[in-house]
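Next come the structures, one after another.
Heads up, the next two complexes both have chain A, just with different partners, chain B and then chain C.
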Partner chain A sequence: MKVTFPHMGNAWIVIQTLFESLNVEVVVPPFNSKRTLNLGTKLSPESACLPLKLNLGNYLEAASQGADTIVITGGIGPCRFGYYGEVERQILRDAGYNYEVVTLEPPDGSLLGLGKRIRFLAGSKNSWTKILKAMRFAYLKSVALDRVEDLIHAARPRLPEPILTEKLYEQARERLAQTMSEKGIQDTVRWVQESIRERQEAVNNSERINKPLRIGIVGEIYTILDPFSSVGIEEELGRLGVEVDRSIYLSGWVGSHIFRGIAPGYRSIRSYPRHAKPFLPHFVGGHGVETVGAAVKYAREGYDGIIQVFPLSCMPEIVAASVLPKVQEAYNIPIMTLIVDEHTGHAGIQTRLEAYVDLLERPRHLRESIETREGVLSVGG
Partner chain B sequence: MRIGFPRALYYFDYYPFWAGFFHCLDIEVVTSPPTHRQIMDQGLKKASDETCLPLKLLAGHIQAFKDVDWIFLPRIVSVEADTYTCPKFLGIPESMLPAIPPGMSVLTVNLNWRKGKRQVLKDLEVLGEQLGKSKADIRKAFSQGLEWQQNYQDSMGAEWNFEESIREINRARKNSTESVQVPTLVRLKDRVLAKLPARTSKYTPESRIVDQKTTERLRIGLVGHSYLTHESYANLNLLKRLREKATVELVQNVNQEEVKRHLSGLRKKLFWSHSKQIYGAGKKFVADQKVDGIIYLTCFGCGTDSMVQELVSHKAREQHKPYMVVTLDEHSGEAGLVTRLEAFLDMVERRRAHEGYVSTYGECLDRNSNTV
Partner chain C sequence: MLVDDKYFLGVDVGSVSTNMVLLRPDNTVKEALYLRTQGRPMQIIQEGIKQIRSKIGKSAEIIGVGATGSARQLAATLLGADVVKNEITAHAVAASRVNPQVQTILEIGGQDSKIIILRDGVVSDFAMNTVCAAGTGSFLDQQASRLGIKIEEFGPLALEAKNPVRIAGRCSVFAESDMIHKQQLGHSLPDILAGLCQAMVRNYLNNVGKNKDIRGPIFFQGGVAANPGICKAFEEEIGQSIIVPENYDVMGALGAAYLAQEKVGSRPGTLTQFRGLNLGETQFQAKSFDCTGCANRCEVVEITQDGASLARWGDRCGKWSGAGVAGTITGTSEVNLKEEKQKEEKQKEEKQKEEKRGA
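Showing the complex of A and B:
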């Protein structure tokens, strides 16, 4: 049995770790690329959302590396992601791929069924203690990954030479992927902190940017966690001198979706529904409420702008998108919505981001220019 | 007190319940007029761009109300255990607020059957407080609503007509002098029953099908959300056009037991109530030898359909059943639809006439030469 799984940003590191520490053979599919998307789009129903298309692409690419079992999480709706497993299984079987699909969820609410599925994946050699240990370790890794990502978010606008920052991020991810001890995880996070500090000290005081613009990114989890599907929006914003924060981090999702809130994750998503209440008091599936809640939270925290990202035809996010104008009005904060699908081009997104950042910078400039004008008028008067 | 009930979305499924409910509470329910061009245009202006056609229509219908005290927009979370409605239903009324005309207020209530009848009643009692009705009143109204809904659903036979049944309900609603508990719907059904010979008193759609087997008309299964199949403006009168040329088996007419039976093949239960009906009915039509072809009516951007359509088409392909997907949006043109419909029906008819007649003569069937 060779297990594979769909990509979602950095999630591969966590999933790979989980299976490797259980001695299960795992195939990490090639990273999301244009090729992945093209392969997936050919098989997918045309109006399916972007994640499904990328998932199918991942499976096809993994199949050529010998994978024969797919692991995917599930859910009982109402977001259609909950039904991905079954639809993907049928599509793949139709296309002649003999995949076994294991959906990690309690089937019909039965925990015993979930246990059986885990047992099927882990084989008979692993004891439950070992499985739980492996899960804990993978979880710790996801928290560390999120911390590193957050550091990089803060470093991007503040450090010169963006290529070096990206390299640092790349190396940190590599180290995290390879390490198999808790100490290794901690060391990597510390190493990233040290490197950033060193580079920051090298920057002249005069060139230092202390207060970059801050933008909160909210939206559908797959597209905000996966840089390929959001056309690298975080990196792009970082290069434009913007500090980015994101509503959902991987470990927060793992904590609430897989551990059912037993572990809160690096950034818990628990507080969002409370924030969303005045605007959207009821859950709408997926992360619709979280999107609205996070937008309110960012607005209250004084962020300069909010960008919502979601795949075309995403149902919960459409509901959120139709509520967000009210948030925009109430807190006087510009909210931009980016919808991505397989036709999204890099240049288009880049232009929109630049325009948006320009728009956010204007109030700052205006404040300064008003001051000078007063000066001029006083001279004239 | 007058309550505006938009003729969109859940109107097509649950209007009888609310009609009975409010009738019992002595509240007048006003439905918006059937969709026309202006309603659609208004809806397009106010609804968010990304949302689907039915919600845009809802936004239009909301704006069509003139003098009502409340616009009623319930949040129908779930209508049976273990399922949800579409996520966009869950976002009502918040996502519809931009479409509310200034000065009008919204009446809403959560309806969540997942949590059981008691919770539904509790939520309705909250609504009752808002309307100044006592708990006992609400209970009574609730049971009457359920009764009307049941009668409505029972009346869905093979030749069931949506408009007709709604008219019956409205008639019952207006005749408040009559005994209230039994809408005329039931009597209509009784009349049908009485006409049938005593032996076939078990009135099932199948008994009808056998009668009509002799006719040469095509039999087309139409599947799709009720708010598309019955929304004759948005679907460009598809149902009527289809009925002119063929006998239509409608997704809503397939009874629950049959749907349940056909759902059993899935590894994972579908968790959308409409999709369950669509998939179950679709699979039944695929298996049914008497159905010549299937038309799947969907709208652009429908999330649940994007999954279920794939499942149904998979089944249709397996059985080599003619299958067509019609996708509606606000730009749907009549000519395009008619052409596709005619082509599809022609194809189905040809297939029925020539099915299985592949020449066994000769060694090859080369279309470029007429010699063997």
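Showing the complex of A and C:
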């Protein structure tokens, strides 16, 4: 059995770790690319959302590397992603791919069924203690990944030479993917902090820069976690001198969905429904409530702006998008919505981001807020 | 007249038109050019510079350049712009300089349409058409030529309508079939044209104008503002009067010129990056290739002038755009190019091998 799984940003590092610590053979599909999307789009219904198209592309690319089993999470409620596991199984079968598809439903489904599926994947040689241990280790890795990502978010607008910051991020991810010990995880985070400190000392600290704008990114989990889907808006904003924060981090999602809140993750998503309540008091599927709640939270915390990202035809986010103008009005904070699909062009997104940053920056010209490059570690990680 | 000899140049290279504005330091417009881009932005920019050169005296001097529009990066590279801004900001700056009270800008261009909301002279909200280009200038152009009328006659004819027909405006393909149907029923041309104007305006307000607080004074700019039929439809639908500013068709370029003025004027003694009015005579070339450095597979564009590399862009990581602009670090970029070529050759060889194996 060779297990593969769909990509979603950095999630591959965590999933790969989980299976490797259980000695299950795993195929990490090639990273999301134009090719992935083209392959997936051919097999997908046109009106399906972007994640389905990318998932299918991932499986096709993984199949050529010998994968024969797919693991995907399921879900309950109005978001279509919940049944993509089944839809994908049928599409792949019709297209002539011989894949076993294992859908991991969250525990509110059937605990017994979930247990059986995990047992199927882990084989008979792994004890339940070992499985739980492996899950805990993978979780620790996801928290570390999120810490590193947050450091990069803070470093992008503050450190010169963006290409060096991206290299640092890439190397940190590589290190995290390879390490198999808790010490290795901690060392990597420390190494990133140290590298940032060194670079800060290398630049002239007395040099003043404009205090970075702060923008909160909210929206559908797949598109905001996956830089390929969001056309790299976090990196782009960083280059435009903006510090980004995101409503959902991988470990926060894992913590609340897989571990039922026993582990909160690097950034818990538990408080969002409470924040959303005055605007959207009930569940609308997917992360619609979280989107609204996070927007309210960012507005209260004094962020300069909020950007909502979701794939074309995403129902929960469409509901959220129609509520957000009320949040914009109540807190007087500009909210921009970006919708992505396989036709999304980089130039269009670029123009909107630039214009949006201009919109936030021009009034600030009057206030003239200035700081040094030193602030990275106090913000991120 | 020495004052008259110094100008700021604003350039807006869009999908359909390329506009240039020469701005005097006293904020009056000396010259405004409206050229068709025709899919050849580089040649048209050169053409524009030639025209400008012939219109101003030999002693004239360009003291600042601003570029905007979808090809702003290209324009900035060719011209050596001092400031490069997106078209939303440029339009907003131009409108608020013309009338500081303006609170809403409706802008319909060749292939995009946008709405910009200003409060106290600062942009507070904006929207651009996302997944649909129904109801932009290109569509009007098409329909005018299909009906055999000049685009300039479109608006005045629409104003003659007595009973505008209702046309489905959600999708321009369906709008066209609906229009043909109405023609075949025997409705008069002015009624159909007016109906089309109304459909376009409804579509605009439902898409880009959705959830936007439209307050007066309202500016209507972009090429389509030349069409009085659309203006009238807007006034009827919004219920407020619409102002079409004097330079409505070149507002983006005007904004870019103002931004150049802000940038150069804010620091006395700064010299412009402008590369000279003899640009019209040199040879520019563009070529593109797919970078195989990583999974992103960025399409990289390289602009060369008389054989020398001027700029590259299109990559996400900065490997190409960061290296060797205007010959500063050409060493590294040449190494990159070499590596790239070697890689490509290797891949070709592998492919051939595979094919042989397959055979």
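Convention: the second predicted complex is superposed on the first by the 358 of 381 C-alpha atoms of A that agree within 3 Å, B and C clash if a C-alpha of one lies under 4 Å from a C-alpha of the other, contacts with A are read in each partner's own complex, and residues count from 1 in each chain.
We adopt the following convention: a residue touches a chain if its C-beta (ideal position, glycine included) is under 8 Å from a C-beta of that chain, and two chains touch if they have at least 3 such contacts.
Since this is a predicted model, take the numbers as computed values, not measurements.
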| item | value |
| --- | --- |
| Clash-or-fit label for the pair chain B, chain C on chain A | fit |
| Touching partner for A:325 - first (chain B), second (chain C), both, neither | both |
| Partner chain(s) touched by A:313 [first = chain B, second = chain C, both, neither] | first |
| Chain B versus chain C as contact partner of A:339, first or second or both or neither | both |
| Touching partner for A:34 - first (chain B), second (chain C), both, neither | second |
| Most chain A residues touched (candidates chain B, chain C) | B |
| Chain B versus chain C as contact partner of A:358, first or second or both or neither | second |
| Minimum Cα separation, chain C to chain B, after superposition on A (Å) | 5 |
| Contact residues common to both interfaces of chain A (with chain B and with chain C) | 312, 325, 339 |
| Residues of chain C defined as touching chain A within the complex | 70, 85-89, 122-126, 128, 130-131, 211, 294-297, 316-319, 322 |
| Chain A residues touching chain C - in the complex, by the definition given at the top | 30-35, 162-163, 166, 228, 232, 235, 312, 325, 334, 339, 341, 343, 347-348, 350-352, 354-356, 358-359, 362-363 |
| Chain B-facing residues of chain A, complex | 45-49, 74, 76-80, 82-83, 85-87, 89-91, 94, 103, 107-108, 279-286, 288, 312-316, 318-323, 325-326, 339 |
| Chain B residues within the chain A interface of the complex | 47-48, 50-51, 75, 77, 82-88, 90-91, 94-95, 97-98, 110, 266-272, 298, 300-307, 309-311, 314, 317, 327 |
